[in-house]
Amino acid sequence: MNDREFIVGSIVLTVAFLLYWFMGHPHFVEERILQFSLVIIFSGTLIFFTRKAKRGEEIFLRNIPGLKAVEEAVGRSTEMGKPVLFVPGIQDMDQVETVAGVIVLGHVSKMTARYETPLNVPVSRAIVMKAAREACKESYLIEGHPDMFHDDMVHYVTDEQFAYAAGVNGIMVREKPAACIYMGKFYAESLILAETGNSIGAIQIAGTASQAQIPFFVTACDYTLIGEEFFAASAYLSEKPELIGGVKGQDMIKMGIVIFILFGVILRLMFDAGFLNFNIIQFLSQK
Amino acid sequence: MIWKRQIPILIVGVIGFVTLFANFTTLHGFKSFVNDDATQWFDILASFAIWLGGLNLLKLQSQKILKKQEGWEYSVFAVIGLIFALVAGFVIKGEPAVEWGTHVTAKGTLFKWMFTYMVAPMQATMFALLAFYVASASYRAFRIRNFEATLLLVSGIIIMIGRVPLGSNISSWFCMYLLVLIAGVTVNSIFKNKQYTAISVASGLILVTVSGFIMGWPLDQPGIFYLPYLQEWIYKFPNVAGARSIMIGIGLGIFSTSVRYILGIEKSYIGE
Amino acid sequence: MDFLINTILKLGKVDRRWIFLIIAFVVLIPLLFPLSLPIRATATTQLVYDAVEKLPHGSKVLLSCEYGPSTKPEIHPMVISFLKHCFRNGHKVYVTCLWPDGQFLADEALDEVANNEFQLTYGIDYVMLGFRPGNEAVVKGIVSDLRKVYTIDSRGTKITEIPMMDGITKFEDFDFLFSGSAGYPGTIEWVQYAVDQTNIPMSTGTTSIQVNEVMPYVQAGQVQGILAGMPGAAEYENLIGSPGIGTSGMDAQSVAHLVIVLFIVLGNLGYFIERNREKKQRGY
């Protein structure tokens, strides 16, 4: 789809929605019009920057040490002749963080295929096992080492949180991987995994959007991807323009939110001081 | 080729759109599909998929036992545990009067015994490891390397002590005396002059003591030096501000990743 | 002085197993020889207490148990105290679980409080609806049509045959919600999918680590107070005048926190001494 088609398509959809709205918007939850508009605006911003990046525009991505360190970690494992341990979190594929973790696994497995380093991926859910296996298989195929891939590289341990932590700890202590990469959704077992990894002298890189676990990873791991850095990992590692454009779009949306927060604070201040009759909090609290 | 590329992208796109826009419609069918049916489909898939996982586990552990690989003795426990759980869940109830299904939580059943005397103690033990690991991680990691690390350390100490009954029994006046001493150490390290240090410490001590006598040495006043109030302030304001900003970032990250999937921009799940 | 400095430096490099041993003693000794430190309720705990006290006699309270054996020491005392508080005030309690483990522990709590302490009748004073899989879909289901999610209770009895289920068809038929939550799904899902849509008042008790995530909702008024970990449980026990396992654990937690702070201070002293020595050696 070229730019002209995209613009024409957007205009047609906007006019269609406006017509639908003014015709009484049947079956639409009116109270959520603000939410709906924001979804459309945010998605539009993402698409705009994605297309811009695809057209060849140079987009600056700041250096994320944790992601740069992934290749170093795999290299270190290759030199030491030890495996790489990858933990894609303890939740199922219905969590976006697990999906993001499996995406990063795809990139890491490309590196392990390239350097012919053993890879061990213990998982906590059977569906994640299947998805992770497919990701690894594709990576090894792309790198031209399909013979190096075997199904048992990605293996199921257990669904139970602490039994899984115990199982992974056992793998760490027995196999002594040189690199431990934790990417996904974690809970209380995060510190247990990270401390055990620290005790075996492995280089540890963690990435999670689980707010409560970020401090534990920051304390015990060498590198940590915090919050959206983890979601940007896919763009960063693949260097695909459309994904990098998406990250820029995300940043633009965030800038818009910051401006809106400041504007909202000023509006609320003016309402409290009696200069304005418009209560922004009430407007935003509509269900 | 169409089965490996176009069809998966179409499925992801359609389901994604339906799930997203069902939130904005009053049509009962859509909402029912998204809120009930889709989730139940996933639960059914996950429940059957567990057999895949279980068989994979059994296969790997059995291979270890048969080939007598390193640590094969532990694999025996893994296999026995798997079989025991299956037996307790599907074969032996242990309490004939109880119905299948409710036997999982009913008193006197084998499954309930397994949960109470095996699963619960083991889970509690693993979680208890955190207490030790937190201590060793804090000891290793909390170093005053720069201003931010110092701030982190000080707020961590305030919250750790202020959160527990010990903290609420420490008078704010004790904290004030401690601050006077810390201020004295700081003055000494900056000016390296014993006179200045002595004057600053002495005047601080006199000021605190006189204020204490005037106010009658209340335990929790001045509130700014009372650890429980201080920790509550840290929780409610700087902490919530930081938590909210990370939440916004994470929310945007999730939104952006999801939109990339729905629009077919992110295709790593099919190996591209 | 040199001896002291060298000792501090040695302690800075101590094997982590010595730290584990010291922590073990420091937690064990106060459990065996309690210090009975007085407990003062914080503002967030007081909010929870006041929210329950405000409820009119005979209110229908939904209690949701989302915790397991690992987080039992933190959440279980809260659930027990909450049950005591509710039954003392004559409220009807409906128990649901978003975690499978939660059902076992909820049963234990009901046994201890409803059966042994208050001698209440199942089906009239309290009911255990049980666990249903589906995470937030269960919450959404309870909001829209509870009887679609629960056709039978945890004992296999049909919902239609339970007297206190009369008139209960959806979340809005309850007067209050308390969520004892240790993670996902839990408090946040209840706020997002139930409380925000219906304005039914809600309080929560969570593990200490989760307080960070939930505090924005407490500050915004969407959740009325929070029992923060074992200290929160102890404070709540103190407010209802019924000290239990939460209170007994506080001495151990207090001393353990103090010891960890001492370790940190010691570690930093060793760090500074080493840094100064290195500077002197380099001639700065």
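All chains are identified by letter, namely A, B and C, in their written order; residue positions are counted from 1 within each chain.
We take it that a contact is a pair of C-beta atoms (placed from the backbone, for glycine too) under 8 Å apart; a residue touches a chain by one contact, two chains touch by 3 or more.
Computed from a prediction, not measured in an experiment: that's the story for all the values here.
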Mean of the CA atoms for each chain, then the mean for all of them together: which chain is nearest?
B
Looking at C-alpha means, what's the farthest chain from chain C?
A
Pair joined by more contacting C-beta pairs (B-C or A-C)
B-C
What is the distance in Å between the mean C-alpha positions of chain A and chain B?
18
Whole-Å gap separating chain B and chain C, where each centre is the average of the chain's CA atoms
13
Taking each chain's mean CA coordinate, chain A and chain C are separated, in whole Å, by 30
Which residues of chain C are in contact with two or more other chains?
16, 70-71, 212-213
Chain B: which residues touch two or more other chains?
119, 123, 126-127, 134, 136, 138, 140, 243, 247
Could you list which residues of chain A touch at least two other chains?
161-162, 188, 211
Under the touch definition given earlier, write down the residues of chain C that touch chain B in their complex.
16, 19-20, 23-24, 27, 37-40, 42-44, 68-73, 101, 103-104, 107, 130, 133-135, 137, 140-141, 144, 148, 154-156, 208, 211-213, 215-216, 219, 228-229, 231, 234, 250-251, 253-261, 263-264, 266-268, 271-272
Given the complex, residues on chain B that touch chain A span 20, 23-27, 42, 45-46, 49-54, 56-57, 60, 70-71, 74, 119, 122-123, 126-127, 129-130, 133-134, 136-138, 140-141, 243, 246-250, 252-261, 263, 265-266, 268-271
In their complex, what parts of chain C are in touch with chain A?
16, 70-71, 183-184, 196-197, 209-210, 212-213
Partner chain B, residues of chain A touching it in the complex:
27-29, 32, 35-36, 39, 42-43, 46-47, 50, 92, 94, 96-97, 99-100, 102-103, 106, 123, 125-127, 129-131, 134-135, 137-139, 141-142, 152, 155-163, 165-166, 170, 174, 188-189, 191-192, 194-195, 209, 211, 214, 216, 219-220, 226-228, 230-232, 234, 238, 242-243, 246-247, 249-250, 253-254, 257
As the complex stands, chain B meets chain C at residues 35-36, 39-40, 43, 47, 99, 101-102, 105-106, 112, 115-116, 119-121, 123-124, 126-127, 131-132, 134-136, 138-140, 142-144, 153, 156-157, 160-161, 163-169, 228, 232, 235-236, 239-240, 243-244, 247
